[in-house]
Amino acid sequence: MNLSQRLVNWARVKSPWITLFNSGACNGCDIEVIDALTPRFDIERFGILAQGSPRHADILIVTGPVTAKQASRLKRIYEQMPEPKYVIAMGACGATGGVFRGLYHVVDGVENVIPVDAFVAGCPPRPDEIINGVVACLGLLKEDLAHGGKEWRRKKEPAPPPAPAAKPVEVHA
Amino acid sequence: MSVLKEMFENLTHKPATILYPKEKVPIPPAFRGRIAIRDEKCIGCSKCAVVCPTQCITMVANERPVEVKGKTITRKKKPEVELFACIRCGLCEEYCPTDPKAIYLTNEFSGAGTDKGVVVK
Amino acid sequence: MSAAPVTLTLDQVKAALGDLGTVEQVRSNRIKVHSTIPKVREAILRAQSLLACDHVVQIAAADNGKTLELLYHLTGAHRMVVVLAIEIPRDKPEVPTASDLLPPAGIYERQIHDLLGITFRGHPALKRIILNEDWPEGEYPLRKDWKPDPTHFYGGVREEAK
Amino acid sequence: MAEVIVPVGPQHPALKEPVNFKVVADGETIVRLELDVSYNHRGIEKAAESRDFVRVVPLLERVCGICSHSHTTVFTKGIEEAMKLTIPPRAQYIRTIVAELERMHSHLLWLGVAAHEVGFNTLFMWTWRDREAVQDMLEEMTGNRVNYGTNEVGGVRRDLTPEQIQAALKRLPKLEERLAKYAEMVNAEETMLLRFKGVGHLTKEQALQLGAVGPTARASGVDYDIRRDDPYIAYADIPWKVITDTHGDVYGRTLVRVGELQQSLEMIRYCLQNLPAGPIRTAPPRAAPRAEILTRYEAPRGELVHFIRTNNTDKVERLDIRTPTLANWTSVAVSLVNQNLADIPVIVAAIDPCLSCTSRITVVNPKGRHVGEMTWDELSEHGREFYRRRGRR
Amino acid sequence: MDPILLAVYILVFPGFVFLLGYAFLFEFLDRKIYARMQNRVGPPLVQPFADFVKMLGKEVIDPKGVDRRAFDVAPILALAAVMTAFLYVPVVASSPLAFQGDLVVVLYLMTIPTIVLFLLGWLSRNVYATIGGVRAVTQMFIYEVPFYLAMLAPALMAGAAGGWSVSGIVAWQQHNLWFAVYQPIGLVVAIIGLQAKLERTPFDIPEAETEIVAGPTTELTGRRLALMKLTTDVSLVVGSALVAALFLGGPLLPWTFSPNWLGWTVGFVVFLAKTLAVLLVLSSIKAATGRIRIDQLNDIGWKYLASAAVLQVFLALLMNYYLVGANA
C-alpha cells in the first residue's frame, strides 16, 4: 500500500459524513441520531457531519422498517451515494421491522432493500449506543480497507434471497 | 444581545459535552437495556413469548426439571430472544412469573453489530 | 381547571336534526345522530348553521361487516361533539363529498377512499394518496374481508426484470 | 425565471421525516403545492385489530416517537372508558407528569428545529442541550428516552419512587431559568423575528374553517384545548391556564409554545409535589364490552383523536387514528401560497409536523381552495417524471 | 527580487503551501469557535484536512446530462482564482508582486468563485442546484456594490501614495492611522459584505441546507466537492487577510525593524493576529444569527449597506480634502 492510499484510508476513518434517511420509522431513532449531533454528545468531535445531500455522505443511516412506498426511494438514495459507502440500520425496525414486522405496508428491515453493513439494536438506541454503532461501522471500514474491498464479507454467506414479491402478512382473527 | 452574551460565556466555559467513550453518560437504574435470560430460573411457561409485541421470543426445546411452588415438574421449553428485534418494552419481564425474573432487561446497552441474527439464550 | 360550559343540549340537536335521523346522547359531551346517505349533506349544513359546529374533529370510518360506516364528528365553541353516522352499503359504497362544506374533510375522505374504498361523489381529486403507487387497484386493506393476495405486488422494491 | 417544480422530500434535510411537497415556484415565490405525506404508512390501524390490549399498546407507542405517550394515553383512556374502569389517582398523576414532560421535550425540540430551519444553529444546539434535562427525567422515571412504556390498560406500569421525585424536582429550577431565557430570546433575536413575523399567517376564521388544532390554532386566537374542554387524566385537578395568542403567524406559534413550556413545568412541579398515594393500577377485565368511543387528547401538536370500537373481545374491532398533523396540513397548504420559497421549512415546521403519526395521506385539494389550477394528475406526472430522471442518473 | 526567492514566495511561503495549510487551520478554527459558542467540543485539529483527503478519494459521479469537463474544470478555476488573489495580499511585508491597481484585480478574482457556483448550479440540472446558483448570483448583485465601495474607500483615501494597490495601502497605514479609525462604517460594511461573499450565516442563502439541500454543490462528489470546499476555506483566508490589510494595517506596524528577517517575523505574527481577529468576528456573526431571506437581504443590502458605503466614500473624500490633503 503506498503512502497516498494510506493517507486516504486514514482520512476515511477520520471523516465519516452521515446522511439520515427515515424509511418509515416512528421518529424515535431520528431524534436520537440528531440528538447525537447536539452538545451533550457532539459527534462532530469524531469528525462526523450530517449532510443533506446523499452525494456528499459516506454513511447512510436508515431508520425504520422501510414502508412499501419508501423502499424504492431508499434504493435510489443509496444509488446516489458515491463509493465507498456504508449503511447503518438503526433500531429494531431497521434490523427486522421491529414492532411493525409483518404489517401489510412494510418490507421488514433495511436489508431487504439495500445491503446493510452494521445494525444498532434498541428501540430507539440511546445516542451513545448510536455512537457505538458508528464506531462499529468504522471498524468494519478499516477491515475492509485492509482486505481491499467489501467482498471478503459477502463471500462467507450466500447471496441473500431476493425479497419475495408478496410476503406473508399477519393473519387477522 | 442575550445570545451574544451567552455565546461568549460558552467560549470561556467548559462545553456541555460528555466525551462519550472516555466518560460514560450516566445510565439511570430504571434504564431498560439489553434483554437477558436466567436459564436456571425459567420454568418454560411461554408467557413472555405470548406477550412479546414483536414476537422476537421463541420457545425452543430444552427439557429440564424445575421447581415450581414446591413441586418439581419437567419444563419442556426455554426462551430465546432475537436481540435485534427486541424493542426493550419490558412486557416479558412484567409477565414472567418467577422470582427473580427469568427473563429481564438489564442496564447494559444492546450493542451494535454486523450480524442481525444475534440470539440471546 | 373547569370545563367550558356545554351549552348544546340534546333537545337543541333534536330540534335541528331530528327529522334527518334518530338522535341519542352517548356520552356527556357526545350526541350521535343516525342519519342516511341522502340526508348527510343537509345534516352537516344544519349542524354548521344551527348548531354552530364549525370544527370537524374527525371523519371516522369503520367496516361493520355487512355495511361500511362513516361517522362525521363535528364540534364548535360549545365543545359538544355531534356525530353524524351513516351506513353505506358494501356493494355500492358511494356518498356525496363533504369537502366543499368542511375544507379539512378533503383529506380525510381521500384517506378513507384509499383504505376502505368508499367513493366520495363530487370530490375534486379523489386519487391514491396513502398507499404506495404500486398498490393494486380495488384492494382496500382496512376492509375486514381483505387478505393479501400472494400473486399481487404490494410495493417495496420490484425484483429486476426476469 | 420560469416556474419550476421544487420537490421537497421525501428525503430532505429540513425534514427529518419523509414528506414530499411538490412546490411550484415562480422564481422564489410559491405558486401552488401538493403535499404527499404517506411515506410512513405502515398499516398500524389494521395491525391494531389483530393484537390484544397488552400487545397493542407498545405498537401504538411507536406510531410516533415524539408523542409516544399521547398515543398510548389516548388509547388506554378510551379502552378504560369502554370497560368503565376507575383509574387510581396516583396512576392519573403519573400519566400527567409523563404527558407534560413529553410536551416539554416536544416543544423544546420544536423550538430548536424551528431555529435550525432558519439557519440559527446556535439556538438549536442550546435548546437541544437543555432538552437533555427533560430526557434525563423521562429516562429516570420510565427507563427509555423516547418510548416510555408507561401506560397499560388499567393504570401505569411503573411507580415513582421518592428518590425519582426528588431527582426530578431538583432539575426543575435550572430548566425554569433556561425557559425564561428562551422566552426573552424569542422576543429579542432579530434574525429570528425577521423570519418568523408575518410568515405563514392564519386568521382566526381561517384557523377554524381549516380545522387547525393545537398551538397552530391557539396562535390564531382559537381558544381550543382538550385538556380544558374535555378534561382527562388529572388535568381537572391541576391549576394551569390555556395559552393563546393573536399574532397568527409563526411568531405567534413560537410564543404559544414557549408559554406552554412554562405552564407544563408548573404542572409537573405541582404533580410531583402533590402526588397522591395509593395503587398505580386496577386489574382490567380481559375483554372490553361492545362500545364505541371517541377519545380525545391534547398532544403537543394539538388534538389527537382515536375512534375506538370494541366488541366483547380482547381486541379492538376498529381503531381510527386522527393525528393533529393531519388536521393541520390543510392550513399549511393555504398559508404557504404566495410565500417565499425560503419560508417553506419554517412554515411547515411551525405546525410541528409529525409525519409518522400522520402516516397516511394528505394532499390538499387544489380546487375549491385558492391553491391553484394544476390538478393532482398533472402535478404527480411532473413529480414522477422528475424522479424518473433522477433515478436514471 | 531573486527569481528563486520569488518562486519560494509564490509556491511555498507565504504562497500556496502556506495558504492551503492556513486555510485548513482557518476552517478548523471557524468550526471550533462555532462549536464552542454552542457549548460543544467541536472537531479535532486535523479534521478539515481529513475531510479534504477523504473527499479526494471518493468516487466521482457524473450526473446524467452534465458536461463532465465543465464540472471538472469549474472548481479548479475557482480555487486558482482565489489562490492567485492571495499573492497580492501582504503577509510578511509588502507583496513582491504588487503593482498599481492590484486591489481591483484581487476583488475581481474573489468574485470568480461565486460565478463558478452559479455555473455549477446551472450545469447540474438539479432543481436545488439551479435555485442555489440563481440565489448565489442574485445575492452577489446585492452585496457586491456596497462591498466594493467599502473596500475601495481606503484606496481613495490613500490616494496616489497607495496606488490602488493592497501593499501600497498597507504601507500608507504604516505612517498614518489604520483605516478602521478613519472609516469605521466602511469596516462594518466590508465585514458584512465579506460574510455575504463567503456565503456564511446570515447570508448562506445560496446553500441553505434546510431549503435547498446544499445549493449549487448538491450534485458535486469526490474531488470536485473537495476543491469547492477548499475554495471556500481559501476565500475565507483571502477575505480576512484583505480586510486586515485594508482596514487594520496588514502585517506592518508603525515601526520598522532593522534586520529584514526580524521585520518579516514580526509582520507574520501581526498578520496572524489580525486575520484571526477578523475570523473571530466572522465566526461570531455566524453563530449569533439565523439565515435571512433573499428579499430581506435585498432590502437590507440596498437600503442600509449601500447607503452606508456611499456615505463612507463621501466621508473619505471629505477627509481626503481636509485632513490628509493638508498633511500631504
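Lettered A, B, C, D and E in written order, each chain numbered from 1.
Basically, contacts are C-beta pairs under 8 Å (C-beta built on N, C-alpha and C of every residue); 3 or more make two chains touch, one makes a residue touch a chain.
The structure presented is a predicted model; accordingly, all values stated were derived computationally and were not measured.
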{"item": "Other chains in touch with both chain D and chain E", "value": "A, B"}
{"item": "Shortest contact path, chain C to chain E, counted in steps", "value": "2"}
{"item": "Most distant chain from chain B, judged by the mean position of its C-alpha atoms", "value": "E"}
{"item": "Higher-contact pair (C-beta pairs counted), B-E versus C-D", "value": "C-D"}
{"item": "Most centrally placed chain - per-chain CA mean versus overall CA mean", "value": "D"}
{"item": "Chain A-chain D separation of Cα centroids, rounded to whole Å", "value": "27"}
{"item": "Averaged-CA centre spacing for the pair chain C and chain A, given as whole angstrom", "value": "40"}
{"item": "Chain centre separation (chain B, chain C; CA means) in Å", "value": "42"}
{"item": "Per-residue multi-chain contacts in chain A, two or more chains", "value": "38-40, 42, 45, 51-53, 67, 69, 80, 98-99, 104-105, 123, 126, 172"}
{"item": "Set of chain E residues in contact with two or more other chains", "value": "35, 37-42, 61, 209-210, 213, 287-288"}
{"item": "Residues of chain D touching at least two other chains", "value": "12-13, 38, 41, 43, 46, 58-59, 62, 122-123, 125-126, 129, 144, 147, 189, 393"}
{"item": "Chains grouped in pairs wherever the two touch, ordered by label", "value": "A-B, A-C, A-D, A-E, B-D, B-E, C-D, D-E"}
{"item": "Parts of chain E lying in touch with chain D, wherever the complex brings them together", "value": "37-40, 61, 63-64, 127-128, 130-131, 134, 201-202, 204-205, 208-213, 287-296"}
{"item": "Touch list for chain E against partner chain B, complex", "value": "33, 35-42, 284, 287-288"}
{"item": "Residues of chain A touching chain E in the complex", "value": "7-8, 10-12, 14-15, 17, 38-39, 42, 44-45, 47, 49, 51-53, 55-56, 58, 80, 82-84"}
{"item": "Footprint of chain E on chain D - complex, ascending", "value": "1, 4-7, 12-14, 28, 115-123, 125-126, 129, 189-192, 194-195, 340-345, 386, 389, 392-393"}
{"item": "Parts of chain B lying in touch with chain A, wherever the complex brings them together", "value": "15-21, 24-25, 34, 53-56, 82-89, 109-116, 118"}
